[in-house]
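In what follows, structures are represented as structure tokens.
Common to both upcoming complexes is chain A, partnered first by chain B, then by chain C.
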Partner chain A sequence: MSGQLRYDAVVIGGGTAGMVAGARLAEGGARVCVLAKGVGSTHLAPGTIDVLGYAPERVAAPLAALGDFVAARPDHPYALLGADAVAESAHWFQSRVESGPLPGYRYVGDLERNRLFPTAVGALRPSALVPETMAHGDGDSLERVCVVGSRALRDFHPALCAANLGRAGIAARWVEAEIEVIKADQNALGLARRFDDPAWRAAFAGRLALKLQADESIGLPAMLGIRDPHSAWSDLERRLGRPVFEIPTLPPSVPGMRLYEILRVALRRAGGRLVLGAEVVSAERAGSRVTSVATRAAGHDAVYAAPWFVFAAGGFSSGAIELDSDWVTRDRVLGLPLRGVPGPGEPRFLPEYLAEQPMSRVGVAVDAQLRAEGADNVVVAGAALPGAISWREGSGEGIALASGSRAAQLVLSAGGARAEAA
Partner chain B sequence: MTNGILEDLLLRGSIDHCVKCTICETQCPVSNVTPLFGGPKYTGPQAERYRVADEPSVESSVDYCSGCGICSMVCPQGVKIAEVNAQARDKLKRQKGIPLRDRIITRPTWLGRAGTPTARIANFTLASGPLRVLAEKTLGVHRDAAVPAFAGRRFSRWAHGRTSPQTGRKILYFHGCGTEYYEPWEGEKVVQILEHNGFEVIVPKQDCCGLPLQSSGLFDDARKVVLRRGRDFAPYLRDDPNMLVVGNATSCTLMLKREAREILSLEDDPDLKLLSERTYDICELLLELHDRGELKTDFRPVNEHIFYHAPCQQQGHWIGKPALELFALIPGLEVTEGNARCCGIAGTYGLKAEKYDIAMAVGADLFGQVEASGAGEVACDSETCRWQITHATGQKSVHPIDYLHRAYGL
Partner chain C sequence: MATLSTDVLVIGGGATGAGVAWDASLRGYDVVLVDRADLAEGTSGRFHGLLHSGGRYAVKDPHAATECVQENRIVRNIAADCIEDVGGFFVTTPYDDPAYADRFAKGCRDTGVDCEEIDPAVALREEPRLNPGISRVFRVPDGNIDVWKTVWAMARGAQQRGARILPYHEVVAIHRNGDVITGARVRGHATGEELDIEARVTVNASGAWAGRVADLAGIEGVRILPGRGIMIAMNHRLVNTCVNRCQMPSDGDIIVPIHTVCIIGTTDEHTDDPDDHTVLQEEVDAMLDDGEKLVPGFRQARALRVWTGVRPLFEDAKALDTDTRDVTRAHAVLDHAERDGVTGFVTITGGKLTTFRLMAEDTMAAVSRHLGDERPCTTKTEPLPGSEGHATYMLAERLERKEKNLVDEQIICDCELVPRWKLEESIRRRATTNLDDIRRLLRLGMGPCQGGFCIYRATGILHGLDGLSAEQADKSLLEFLEERWRGTWPILYGDQLRQTRFDEWIFQGVLDVEHLPLPQPEAVAT
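Right after this comes the complex of A and B.
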């Protein structure tokens, strides 16, 4: 057996960009398979949709700011994608959240205005869309807040969070809620499962209510339910009689896991396949086209052939792009040419850790259609695109949604995809 | 043992790729229901740094790892978490001593050979409350744990009593112990489906793959057993470079494909290497045939609503869920895909008295989904998982190929 499975499109990468591309390809009628080495960035990111937070000063209106932003950065992914694509993909995302597996759960906000939400250390961070469970953390409307921590969650420090919110001018104090410690290194997910239980959270709310003062909002680490967060959050608000909001935690990120599940279900409902543990280890080419990729499966490789590939394997942080000890930078997955690599003599890194590190802009070289240079049937999406410093710009999800959507659109509109497959 | 030293170093070396992202902790079915297991990251990449060659094991909660392998599958950095933990469990067992129970329940061949001719008595014994209490007290096999009934006949007797039509397109069938002693009809269906698709099915002399021994940390015995499987199959594979091995017991095929070589440090054995590279899970094989246009699709409608659970060991093949693609070919078949991680049984894990409650807690999510789905039957690729699902939900549970068999009208 040659051991080959055939699809209309194969997506490499199971993070936000890859899952969006896969879901939208499947919704468009393509036979699609998403190959993921492991579970991706979703479980680590806060679960907010950040479109543009800093340019480099804090951005108030992300969609309106995009024009000037890309004019100054013609190599940025947003310059290829355009504001309309960002808005359209955000709209698609919100509708999939609402028709998704988490009853009643919504993302709120809009791309016209960033709102500022507290991080785990009490800094205020701009986001365009956030889960409804975070919405009442909007820093502009927060007056008095009580940050609630627990000894059962070691990685969240309510005193630190409250002190920094105080420095931002918000009257903040903190309390510790009593949650039974059943495991020393409990994380937010373990507690989120308990918040899914109505009886458990009713008891929690009853104990917490005794520690609260009038007129203060409640900030809790993001752990208000994993299967049914809408019920958990709204139930707490009702029981405590005041606004309650989630604050993103250290990994694992419960809101990020919800986001992954929403995209996974969108992919599966539309008939798309998802293969986990599928690290792409080699590719076959015919001239300037990739004809198939092989993943490392048990015993023998599995081979996936398609007329189109979406490359959404991520950048340095996922390990798709590497910089080795000889200062050679490469795409480890398909060996595609890169763009943005500092030339000889140019600085690769700057001394200040959080500066605009030149190396951060490296990505797979693409044309205006997001097609990889030298590989006509490979479309690139997400953190693999060159030109962005998404962690600094606060642009990661905007780029992932818009480029994942654009990649799907390009493949679907390329007439003859099926014919070539046959 | 000089075999596989380099591979062991690479396995252990993979822990340096751990960035402590906790993704494995979010997916571990065991540590999410019990504090007795520290979790894959804690017992794996973290504790491994403190395990020194011949010194006492520093961490004993690894015994509560069920070996499902989900952690390795979801790790975005390629850390061999489950494999490192399996080796740590072996070391722990060697230091603490191996209970008599673990020497018995990990030997399906012994049990099968004793139970088949005496099936009536054996099944009565297994179903008898007082005797099961006795077994729990003396052996530590939980009184309520799901144990299968002996079929009273062996698959291999049926297979060797007939000849597959000679088509020249030969394939080897590895049936495993579940088919041999407990569910011979599953093997008969596999053979009939393969023959329907033009294969001449050869059933070589065979025996246990060694997985139960390996997962209970009895590595030396597991090596002996699985190396014999290499000897059984390698001659056929050497003779014909196109010859494949197919199996319906998905945990056994995973053992042959990867776990034996990687976890038991047998990467260098040439017979096992050959067997590993040419082994296919039945659904994997049939889906590939379909994509090549070689699978017969003369399917009649099967107007049923079923629930599909892809067991951990099937997921461990890292090939997605081919059964779902096959179901989609059958007219009328409505499938609810579960998204629970594990049924809890993990081979022999859920039989053990001290682990039964954990196994049932692990499976609770799945059992709830099965019941909520309203499906008439459950399809699942692994026999021990099917027995556990039936035990917990009362629902009939069969291998996915049962529906193909029905749709073919065989």
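Right after this comes the complex of A and C.
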């Protein structure tokens, strides 16, 4: 057992909310450590910034819609966060993208209006901010499109995507690009690494150009570079002489991994520490305060003490919240009280897959300051918050950014962190 | 209306019906087989996959045990490719009456079940997850059998001999001319079109639904007592041997390892409706508790799915002497010429999967009498297509193939190692747009992620073949999602709930399948 490591604040969880909280705490002068069992939903989600896509009808103006939305759903995280916090955190995020590790890479759009972007199955999905590499997929301005796939990539099927876009009134066709593979089970990440190579993508563009028709935009699976996507994408646009846009694939999500890298660098530049592979396995308490948490990583157990903890460990999807085989729901990390759990005798799930599942809104019970019930120095952020069904609402990043930012702000303004640091 | 004419019409495409079609075509008869759904979608496809050694019946039902002993040996030989020789244990756990073990051993001797008592320490070395408190262990030749593979092998073999296999063709009427059954009218689900099938003999092999089919023929008193049982598939093989509790057969007392999973079964609740697929919370809870008794820590493993099957327990309301034997696992061939004075109609029901071949043979004996043309049965020795080598299936076959083809073979279903070429071949051969049909053939989507990755991929491939419309492809995707969910939601906890949340992110978050373009309204005739 190593000695105790002391920080001003410890963030549990390395998804978007945890990384935002960590980076902003560090930027505010706190000595901060982010403990993450693994990476979060960044590697799964499309890499867009979704504030509110469905409520449950498709939302046109996400920021403006939040007021009515929370009036109808007072238990929703947005009711605690408010539209201003969402706007502020999105602004912060944009600036960190611009000063981030991916030269020239930007997010495009605003929170005033959702735009519709094609998914890999050819549905049109609302997002507020998207990577520039996706921006030309905006369904409203898309007239003629050629969806390009490759047999090498099993996680993207251009014919189906194009056919469904056609059903939505977009003139869409598809072609297959030839990509040599080293092994058959290629995913988007493997191909993205090759798009980082200028010579490789020049050859790719040369072959693809032969198959294209005049005046059509090009939709490609989201694999246009992982280290330098701006160059990969803009180079492809230039070589093909037309708009090119990415369409998210099945996981791993290349745009999501870029987003993670941006947040990771923001955290590190501000002096924050990130420990991956560090699952929190126990916690010490003193009354209503958590005093330290212990992690178990390969061959190295450690104890982290801090006056403040940000709980951004996620919900069921990360394993932070568990429903066990005796039908008991619990926070496995800190044992915090939960909210939104269906009562005894109430259904947990419903027989229709696309119905709203009663178990979907479970999260850690918090007060108006996002503080966990029964743990005065634990602030909750991201998917651990109760009340949202982010994958259906299209609200995950909005909640993560705003709550991660708010958590940092609450800890910093409480003064605890700075006092400890002094 | 289109018509077909045949020697033998088989109603019901489970293991029994497919077995009858296979047997009849080997005897040189012309055969048509119909089922209201896919082959082996009913009772046959809804059990745990045990190929009985006979041990389970050794004390309770010696006649059934002896049948199992014989059929187990035959089926291993003729359907080798469908069977994995995992072997079986009967174990006395601390929860079992220790006195039963000696009765069991005697029952096995009396009925010919090949049974050897082994040291529990040896059993625990072979199966380290078993309850360490087991006191006695018997080794028996249990195996597992892939029913879908078996049934399709028989159907294909029959097809090669000219049989017409018509899944998704539901019987809407049975033609009766006085005391002669002359065939049936069926309706195809895909087209809605009806088809008259004229047959010299009609076989009612509809299992738990046999009473309903007999009703259509105007035959009374074929009473089926459907027994509903639940089974739960765990996400990996907690045991590699079929493990039975050494006690009178009861609920939740067997775990069968099959393919990548293991299955615990089962319960037995009477139901009036063979289409009753209710899963009760109490049944799930009890089954998980039973799992703990055999394999401590069972509840910590991932439960993938729960489903129900309906046993066709038969009681002949016409039998003069109705005793409990009529409600056993024995099968019953009803020659309606003898029983009701109606010729051209034979009912086979009851029984259990292990004896499907014998059931078919007994049925064909009655059919031959109706045809007035006795021909020998050859199913005891004729291998099913794919089993000509008589080598039993090995679990690692798919992995072995994949390792040899790392560069060329693209895997679509990672959990079950289903390659793209195999998927494409099956879609073409079945000419289906229903991914669930493909699932039964290839185990697509049956592993831990329950289709999270493969459903989109398979839909893309399905759509790419044969110019399927996007609308139809979307429908196939959504239906398969619903189908997977059906077996998932009643038993969602632990890491499988995590997995489900991940899958929800894929389908509802990344792909947004809920907001695919709506189907075009159907044109209204004016």
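Throughout what follows, the second predicted complex is superposed on the first by the 410 of 422 C-alpha atoms of A that agree within 3 Å, B and C clash if a C-alpha of one lies under 4 Å from a C-alpha of the other, contacts with A are read in each partner's own complex, and residues count from 1 in each chain.
In the analysis below, contacts are C-beta pairs under 8 Å (C-beta built on N, C-alpha and C of every residue); 3 or more make two chains touch, one makes a residue touch a chain.
In this text, all values refer to a predicted model and were calculated from it rather than measured experimentally.
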Practice item. Determine, under the contact definition given at the top, whether A:Arg296 touches first (chain B), second (chain C), both, or neither. Key: first
Practice item. Determine, under the contact definition given at the top, whether A:Leu44 touches first (chain B), second (chain C), both, or neither. Key: both
Practice item. Check whether A:Pro251 is in contact with chain B, with chain C, with both or with neither, and answer first, second, both or neither. Key: both
Practice item. Quick one: classify A:Lys183 as touching chain B (first), chain C (second), both or neither. Key: both
**Study point:** chain B versus chain C as contact partner of A:Arg167, first or second or both or neither
**Key:** second
Check your understanding: Can A:Leu338 be said to touch chain B (first), chain C (second), both, or neither?
Key -> neither
Exercise for review: Mind working out whether A:Gly315 is in touch with chain B, chain C, both or neither, as first, second, both or neither?
Suggested key: second
Check your understanding: Where does A:Val275 make contact in the superposed view: on chain B (first), on chain C (second), on both, or on neither?
Key -> first
Check your understanding: Thinking of the overlay built on chain A, is A:Leu5 touched by chain B (first), by chain C (second), by both, or by neither?
Key -> first
Revision key, fill the gap. In chain A, both chain B and chain C touch residues 44, 182-185, 251, 318-319
Exercise for review: Going by the contact rule at the top, pick out the chain B residues touching chain A in the complex.
Suggested key: 21-23, 25-27, 31-32, 35, 38-39, 42, 72-78, 242, 244, 254, 256-258, 276-280, 285, 287-288, 291-292, 315-321, 324-325, 328, 337, 339
Exercise for review: Would you mind writing out the residues of chain C in touch with chain A in their complex?
Suggested key: 288, 299-300, 303, 405-412, 414, 420, 453, 456-457, 459-461, 463-464, 469-471, 473-474, 477, 481-482, 484-486, 489-490, 492-495, 497-498, 501-502, 504-506, 508-517
Study note, to complete from the structure: chain C partner, complex, touching residues on chain A are 41, 44-46, 54, 58, 119-125, 151, 154-157, 159-160, 163-164, 166-168, 181-185, 248-251, 253, 315-319, 322-327, 348-354, 357, 359, 390-392, 394, 396
Practice item. Can you check the complex and tell me which residues of chain A touch chain B? Key: 1-6, 33, 37-40, 43-44, 182-185, 187, 189-190, 193, 251-252, 257, 261, 268, 271, 273-279, 295-300, 302, 318-319
